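A single structure is presented below for examination.
For clarity, chains are labelled A, B, C and D in written order, and residue numbers in each chain start from 1.
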Amino acid sequence: MVVDDVDDGEARLRAWERRTGGALTVLGVLFLTAYAVPILSPGLPHTWHVAAEAAEIVTWTALGADFAVRFRLAARRRRFLRTHLFDLIVLALPVLRPLRALRLVAIVLVMHRRAVSATRLRLSTYVGGTALLLVFVASLAVLDAERRSPDANIRSYFDAVWWTMTTLSTVGYGDRYPTTAEGRVMAMVLMVCGVGLLGFITGSLASWFIDRFSDLEQKETETRDDVADLLTEVRKLRTELGTVRAELADLRSVAPPG
Amino acid sequence: MVVDDVDDGEARLRAWERRTGGALTVLGVLFLTAYAVPILSPGLPHTWHVAAEAAEIVTWTALGADFAVRFRLAARRRRFLRTHLFDLIVLALPVLRPLRALRLVAIVLVMHRRAVSATRLRLSTYVGGTALLLVFVASLAVLDAERRSPDANIRSYFDAVWWTMTTLSTVGYGDRYPTTAEGRVMAMVLMVCGVGLLGFITGSLASWFIDRFSDLEQKETETRDDVADLLTEVRKLRTELGTVRAELADLRSVAPPG
Amino acid sequence: MVVDDVDDGEARLRAWERRTGGALTVLGVLFLTAYAVPILSPGLPHTWHVAAEAAEIVTWTALGADFAVRFRLAARRRRFLRTHLFDLIVLALPVLRPLRALRLVAIVLVMHRRAVSATRLRLSTYVGGTALLLVFVASLAVLDAERRSPDANIRSYFDAVWWTMTTLSTVGYGDRYPTTAEGRVMAMVLMVCGVGLLGFITGSLASWFIDRFSDLEQKETETRDDVADLLTEVRKLRTELGTVRAELADLRSVAPPG
Amino acid sequence: MVVDDVDDGEARLRAWERRTGGALTVLGVLFLTAYAVPILSPGLPHTWHVAAEAAEIVTWTALGADFAVRFRLAARRRRFLRTHLFDLIVLALPVLRPLRALRLVAIVLVMHRRAVSATRLRLSTYVGGTALLLVFVASLAVLDAERRSPDANIRSYFDAVWWTMTTLSTVGYGDRYPTTAEGRVMAMVLMVCGVGLLGFITGSLASWFIDRFSDLEQKETETRDDVADLLTEVRKLRTELGTVRAELADLRSVAPPG
């Protein structure tokens, strides 16, 4: 009974996630636009800025509602909270203005958590896409933060992208760098991501290498061949034993009743 | 007899480490506060600085005493020295003023050496915690060192944290960097740690990858399946042999006494 | 029938790639010269620049033609497009002037795609060679881009090589860095390559390590020894069974006809 | 016969390397001193500089002689050249003045090639030692190169060490960097080494990780247990077969002669 309830719960949750997947993507793009437009062209009339702000809030509330619904649907709620802790944090943090950009990370997470499967290719695409999005959003966020300060050296969006790349690749020329507290916080988040990305790329390359070139591979195969030989040996053994048995039976038939 | 002594020794050591674990944590926090407060707010009345200095010395002596006791309790003392060499160094080095910050590393080590178990998650948490602590302490140490010099460019604690992050992630913009000898020594230690951290993160990601995606995994399983098949084959073989034996016995019973 | 066609197609494709391999190498060197000369010695008479430009266009068209032919020859064309997507991009992109340098990458790719085999050494040589070529070409491209701008700090080819090295190794002092849009785009491509290179080197070192030092290795060997023992055991078993059978036959011969 | 010669050759080579190992270490230290002293204290009287120069040349010739002897002794000379190509390059290159520092790398190589064994610990110590030596020598070399130029920013040995560390760790603040051609060449070599070192550290950590946490480990062990079970099964089988045989023999003895 309980098990059934649990399974029903899981099923309902999956169903909801399937149904809402598309809508979330649309929300994501909408939010991204609402976030990017005012930063990329600050000269827009005030109404636009208000509209963007509104769109942000709407998408934000939608994400929160979606999380709430999923929590309600989840059969094992404690487990759900534990496994979705990071989502929750990313949903809650952006209340602090400087971390506004995290909102998009939240959307990306929520969207991808559903898309990603366990194949290596999928994972790479997922990380690659997230990386691109990260560059795009981090540049927006840092530009947004720096533009306000008079002695900033990141002034155009291209500057911001350039800075983001130098940071993610840990090259860090230092010709461009954030000077405001908000920008620096963004930068630190970006550095951690950068280190993670590098680790991810290296790690995947390493495992690819090991799959392709490792002696283990070959040893493995050899072991398996040995085992196969062994199997045939044993099978021969059985057939031979079969004949022995036949001869025995034969022998008994000719044996005198005594 | 000797073995018993040895075991007793090990047991006493473990017991001591269990008993003193909590106290060391308190000491650690106390030391951290005593170390941080004067640096973060230099404007404090002199008495405070004296108190902090006193607290540092106390905690320091306590650590030394703890190490001495553990050495006394250890059954195989040579082995103990060899395995705890790093602890010893980290305990001895901070006598040199510029390396004062290492004291905390010592505390962290001593505490964690006891906490950490062999599971990957535990290790990650351990390293993650140490990394955070490292950022916190390194920033304090470099600020402490730089503040005294007139032409320093690390002036606030936030500057120091920012610099620490750019260094640990090996981004190194160069907008902030230590100029004093003491600060540079700290920085070099930090760079080595940074490289280690990166290696750790990459290494763990790589092994995670290999566990999750490696062909070896699968080959492994296949080999094991083959072995299982083989086992069943052999078992069948035995039962069949059993019947052969039964028939033989049967045959003898009918055989003429001659 | 279809299969035959497919095989024929693949065969024709391989044949073409074998035949044109040498020519492409020549084209590559020619293009490299035509690309390098005007950048390294801008003082050359105009005719030279025209000649270089012509050579570039010729080699370029040749590459395009080669790709077209290979596409025509390919049996499974959709699959060919999918597997050679990157080649196609690298062939198409350089139409955008700032990405002109990519043309050489295209040549390298096309040439190496054919040369490289699956041994680790070969792959390392391939990557090593590509890295050297990358340093050479990226330096040319960035110098070409920067020289035009008045406030550039990369002025000589040696400056450019120095900058390329600091970027590929992610050291990034920031004493030299691109200031033009074109130069920065080049730099970003370079950063991605640099990260990839680092990942490659680390990955290969990691797999080398695992091959050389991993406990798995040893466990592997032990397992294989066990399997070998098992095999001998089973063989002994068979011979013994053979004797049993002989005795049985013997027994029957002496058995009374009844 | 030939084989014997070959073996003799190898034996003679090994013997020579054993005998000359100590002498080379002394040479190395001597060379290091002769190289370091004039750079660290340029104010020395001229005679000292001459002496140092002489010592350098002597050690250098000694190394060359040692290589020649080993080549003469080597049984398979072509193979010897191929496996010692790197040694040869490092021995030949320093004829170019800017690469003088490579001489020490040569000594280190020759010494360590003999010391290093295949255990992971040994290798780590080897690399660790080489890294320390690298920092020491690279700092000397860059200081030597930069000091001569008026607009250099690396002026003291401590500056040089600081710069070397920022480069090897790929942090690269850019507060100190070589400005002369010679210094930059040294720096590029150092960057390549740095990347290699990082790769080495990460690689070893990765393999350590995999040894300690990989699922493969466990699977391995399980497979081996299965094989062990199998072995016991087969042994039981043989004993049983033995009894069958005994019964047969017994049966024949009672069988009527007919």
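Rule of thumb we're sticking to: contacts are C-beta pairs under 8 Å (C-beta built on N, C-alpha and C of every residue); 3 or more make two chains touch, one makes a residue touch a chain.
What you are looking at is a predicted structure, and each value in this text was computed from that prediction instead of being measured.
Colleague: Same or different for chain B and chain C, where same means more than half of the interface numbers show up on both copies?
Modeller: same
Colleague: Write the angle of the rotation needed to overlay chain A on chain B, where the fit uses Cα atoms and the result is rounded to the nearest 5°.
Modeller: 90
Colleague: Tell me, please, which chain's centre (mean of its C-alpha atoms) is farthest from the centre of chain D?
Modeller: Using the mean of the C-alpha atoms as each chain's centre, the farthest one from chain D is A.
Colleague: At what distance in angstrom does the C-alpha mean of chain D lie from that of chain C?
Modeller: Going by mean C-alpha positions, chain C sits 28 Å from chain D.
Colleague: Let me have the rounded angstrom distance from the C-alpha centre of chain A over to the C-alpha centre of chain D, please.
Modeller: Inter-chain centre distance comes to 39 Å.
Colleague: List, in ascending order, every residue of chain C touching at least 2 other chains.
Modeller: Expected reply: 166, 170-174, 198, 202-204, 206-207, 210, 214, 216, 220, 223, 227, 230, 234, 237, 241, 244, 248, 251, 255-256.
Colleague: Once bound in the complex, which stretches of chain B touch chain A?
Modeller: Answer in residue numbers: 158, 161-162, 165-166, 168-175, 197-198, 201-210, 212-216, 219-220, 222-223, 226-227, 229-230, 233-234, 236-237, 240-241, 243-244, 247-248, 250-251, 254-256.
Colleague: Provide the residue numbers of chain D that touch chain C in the complex, in ascending order.
Modeller: Contacts found on chain D: 118-120, 123, 166-167, 170-174, 177, 181, 184, 187-188, 191-192, 194-196, 198-200, 202-204, 206-207, 210-211, 214, 216-217, 220-221, 223-224, 227-228, 230-231, 234-235, 237-238, 241-242, 244-245, 248-249, 251-252, 255-258.
Colleague: Would you pull the chain B residues touching chain C in the complex into a rising list?
Modeller: It is residues 170-174, 202-203, 206 of chain B that touch chain C.
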